[in-house]
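Okay, so subunit A shows up in both of these, paired with subunit B first and subunit C after.
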Partner chain A sequence: MKITKFFVNAALALVLPAALGAQQADQAAPAAKPNPHMESHVGDVTGHSEAGANLYYRYCWGCHGARGDGNGENAQWINPLPRNFVAAVFKCRSTITGFLPTDEDLYDSIYRGFITSNMPSWKALTTQNRADLVAFIKTFSARWVSEKPGEPIKVPEEPKVTLESIKHGKELFTKLECWKCHGPEGRGDGPSASTLTDSNDQPIKPYNFYTGYRFKCGATNHDLYKIFITGVDGTPMPSFADVIKPEEAWDLVHYLRTLQIWHPSPELALWESTPEGSAVVKAERVRNTDTGSGIHP
Partner chain B sequence: MQRFLSQRLACHAARLGTTLLFSLVLLAVCLVDCRPAQGIPAFARKYGLPCSACHESWPMLTWFGQQFKDNGYQLGNDRDAPIFQNPAYWPATFRITPFWSRESNNKTQVDGPAGFAANEAQVTTNGFNWTGLDFHTAGTLAKNFSFYVLPSSDEFGSFHFESVWARVDNIAGSPWLNIKLGKFELDNLLSEKRILTLNSVGSQYWNYHFQPMSAPGVPENLYADGIGDNQVGLEWMGHSADDRTRVSAALLTASDGNPDVPFASAYEGFFTASQGFQVGSLGVQRIGGFAYLGQAPTYYQYNLTTVSTVGTDSVNGNSVTSTSVAPIPGTGTGLKGFQRYGLIGVWYIKNFDITTMYFRGHDSAWLGTNTPALPGTLLPAGAHAPTWNGGLFESHYVFSPQFILINRYELVRMSQQAFSTNPGNLGNLDTLTFGFRYNPFMNSRAGMAYFGEYGIIWQKGTSPVTASNMTTNSLVFGIDFDF
Partner chain C sequence: MCMRSAVLVAVATLAVATLAVAGPNPAGGTVSGKVTYEGTPAKMKPIDMSKEPSCAKMYTTPQLAETVVTGAGNSLENVVVYISAGAPDDPAPSTAAVFTQKGCRYIPHVLALQVNQELKIQNEDQTSHNIHPLPKINREWNKSQPPGTPPISEKYDKAEIFPVKCNVHPWMHGNFAVLKNSHFAVTGDGGSFTLPNLPPGKYTITAWHEPDETLTQEVTITGSETKTVNFVFKLKPY
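Let's turn to the complex of A and B:
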């Protein structure tokens, strides 16, 4: 026993300093610094950070801040908070969770804007302008120097919408516990909803399918599929890439469309054509929560 | 040491003097009772965007700002309705402009040996002044319902309404269906309400306000400020989702934009269309055109004519009388037509942009010769329908969102005079304006710009007494701010 204790102590005595030394060596290693000269590549357009700087100063700094840290003068009034480009954690990506987005992902975000946030669509700008802005955004974080964007996920062709697909999606909605945040009827009022916070420790609301049509990262079924698989980094919405199969993700997409009862879709039409679906949708429509804001319902 | 100190002091004093002089120059400003529509910090406060997001420089719109305006002051991210704002939010903005100006005209009508107001002389004035107050309130009443109310005062505090309108946006979910009712800025690709210069010469687009001369020293009576000023009526406007294609048509009351009774029971039409397109890395270019068609009265019914003595001529001792007549409002009749057309291009080469305009105007010979179109009346001998062509070149260089250089040249050339006896160049004008605007800070709470401008206009045969060439110029420096 004593001998064992001796060897353990000796081993610790040898390993610990080595481990600490290695840690110190890691700390001493020069950290990557952001590169002030970045490019972006969107289709056949190349963006340049130098050109993007002026555009950023004209359009973006009020919210995202002069240093890109999401702490612009208006940040204190904005909910959700503006993106912090220094942290370089992005919600809308075509890449697997934890990876940097592609230039196209950032470009699409600028083009599309974000629903239910202060970020508008910048489609009035030119393609070159948006590409330049993407390049400039990448100058704020060393992640763009030390890491490469992930590979975009492959989205398989969407299968035909069927009643079976919708019903299976409904089962998955329960099985994967989506309802815990999004609520049983998709109204964003699940039992966990009030406890959720984002990466800034700010309270965050789950998506409300009942009132919403567009999603944060797009409006199509294709976009919704990507959200499941990539997750929404910086929020509690995880990636389901390792949890569900592609065909199951499509089933979930088809079911979620039926929760958007104020927005016609093939999925909703099919669901309403069944006695069960018709009863559910009817009942939900009666549960009106009109706010007077002009937003459905 | 003493010498060194005295050198330092002298240097310091010189630097102080230069600084003071520069400060005084900056603090000086322009006159101008004509103020353009403003950038509205109330919008910036609502959305947290800096002024520069919507304004190339205040109040000229960027394409993003144009899209925001076309979409009914909405960004489209479901935060547009007032319900999403803090209850303390008030969509209001005040704007006023103190300035110093020097104004000069080489042919001002003055008294003199030839009699009462029968001479011309150069008159130059300078001094400090301020504009009236603009009180902008604008925004959304609910999603897809927008409004704009702009009480505006003169420098004495007497208010009128520059804009009063409500708009239903995106009817049936279509950006092609937007209806506006009230008094509003005409939807023109080159809007005078977005003009960057404030000096008394360059605060308007002369092509929009040009009136031909009926005869030397006698201007045409037609009220022709329609395109430059806000008008009262109903407008349909439509645009593509990305705002690259824009069209509008407005039915306007034939009036000067003031409430109550119009000139006559007549209407005017204003039609525009424009298309934007992207040219590589140069930017979004846009071409468009407009047509302004209407009828104007050639005479009114009068309810009063008085001749009163207003003084005695100091030279010959004769009484000086004044005649006043009061047309009955809205009784304008003998309606005759006028047309204004324009082709506009807005060209961007990165930070440099130039706007070009070809303008064509045509008035009925009745209007051009100031002839009441009474039943049975004939036009005077040698009468023609005055016709003219105009052009505009306005360029800007945007060093940064805070600093812009401005240059504008306009010209008008008569192609047909109202009378064949008129000199061919009667009324022709050339005007040049250049200046700068510098915003010392940019935020979403308030706006402020130092500005300096010089404008000059040369016009042929328009002096009030001798009908000779007239030159007017204006130099202004000031601080334009809103909050």
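Let's turn to the complex of A and C:
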């Protein structure tokens, strides 16, 4: 009896560490990194990747992975997938399409989180923590050394909201064919919506102005302006920087706000104060709800 | 070493140096051949363009997808044949490589160009397209191009072969082959290719077919001869 027990224990003692070791090796720290020491500059705060490493391996690697490639152990259950920092293609930037975001862009993304995704807001961390994390994220891709982040786009001062601006925005929405994906009322039901795939060939939905009021990349008019000028890299949403004048872009922003009929805004209020706008919004509030009674679904 | 050998060696070195410095011989060697396939190619499905009436009305019969385009004699089109080793890098030509969107299709389906050569993309349709090339090494950008807007001018600074698509029209697929030197060809109807003006040397010729099938062969050019190099891709019906 005692001898059998001894052998069983010995066998377990040999097998278990190997099995555990294999699991840990799977999630072991990455091999040589292209740029192991990076800094970030956000306002007057400087972040350091060494400090960011501890935070990353506590808070981030479960989704974003030990190697920063978006392949953490949670990733298999998440849609949209966690960001791949090795590829270094980022959605929310203030730089033109194809270029790296600024440190502030990354900082803002960590602070805000990404609505309708599994990326939470990290307001609970300190400013220094978030800056350190930005620095650490930059160690995953050699692009941060071989390329400079792009120049931030220049956003002109927002003009006053007027009916003319909203009407002109509606013309742009039609002319630039936003409705092909976003749908004529911005409900994300355009003719091309069902076949959209992101850059990893995963199905992806266009933004639905009817149900949402926040965007993946912010919630203000300024953020909305940046979204269609910089494009959302890695997704079907292109940049319209070359085909829309900066003043006209504000008209489009004002019109888009009138599509968010459940979110009070100065644009929506102005639009509803007209007979035409009031009729359209009333009809939209009723259309396609379960009961047709106009209750927000 | 005695005087005569030393002189011979000096003369030989001078001769080789002269040849090396002389520059490409316009009457250099040529590698030509044909790209064919064996096995059963996938059947190309007809494209449903009903969601884009402005393009659908341009065709009397539905267009076929261009993932595998075959021809008589088992020939294979849209294969990029290029020199992957043995030739020095060439500076980019001053002419642009043109990529056209017409009838909601890409023309050509595979565009081969050089590193840092200007890529000019034009939209000849009545509908907006977005150009979304999907490289892994070069920058990934995505730009909208409404009808009547000027051509988009871009360039790539690293050699890579990668797909390009339009998100608005999901059937639109193409490929860019950004290559380091000027010796390349894309097979057309009949599957044949020619790589002329090759200085003497040992070359590795690579044939690429989408999405990422490659075949390589080595060939040596000694003068102004023509060497035949054929490639046979194995195709599966799925």
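Quick note on the criterion: the second predicted complex is superposed on the first by the 254 of 297 C-alpha atoms of A that agree within 3 Å, B and C clash if a C-alpha of one lies under 4 Å from a C-alpha of the other, contacts with A are read in each partner's own complex, and residues count from 1 in each chain.
Note that contacts are C-beta pairs under 8 Å (C-beta built on N, C-alpha and C of every residue); 3 or more make two chains touch, one makes a residue touch a chain.
As the structure is a computational prediction, the values presented were derived from the model and not from experiment.
Subunit B and subunit C, once both complexes are superposed via subunit A, fit side by side.
In the superposed pair of complexes, A:238 makes contact with subunit C only, with no contact to subunit B. Of the two partner chains placed around the shared chain by superposition, neither subunit B nor subunit C is touched by A:44. By the touch criterion stated above, A:113 is placed in contact with subunit B alone, subunit C being left untouched. In the superposed model, A:157 makes contact with neither subunit B nor subunit C.
After overlaying the two complexes on the shared chain, residue contacts for A:128 are found with subunit B alone; subunit C is out of touch. In the superposition on chain A, contact is made by A:97 with subunit C only, not with subunit B. Legend: residue contacts after superposition of the two complexes on their common chain; A:191 is shown touching subunit C, with no touch to subunit B.
Following the chain A superposition, subunit B and subunit C show a smallest Cα-Cα distance of 26 angstrom. Remark: subunit A residues 54, 57-59, 61-63, 72-74, 77-78, 113-129, 291-295 touch subunit B in the complex. Those residues of subunit C that touch subunit A in the complex are listed here as 51-52, 127-128, 130-132, 134, 136, 139-146, 149, 152, 167-170. Listed in rising order, the residues of subunit B touching subunit A in the complex are 44, 47-50, 52-53, 62-64, 66-67, 75-79, 81, 83-84, 142-145, 241-243, 278, 280-281, 283-284, 351, 400-401, 443-444.
Considering their complex, residues 87, 89, 96-99, 175-177, 180-181, 191-192, 195-197, 199, 231, 233-243 of subunit A touch subunit C.
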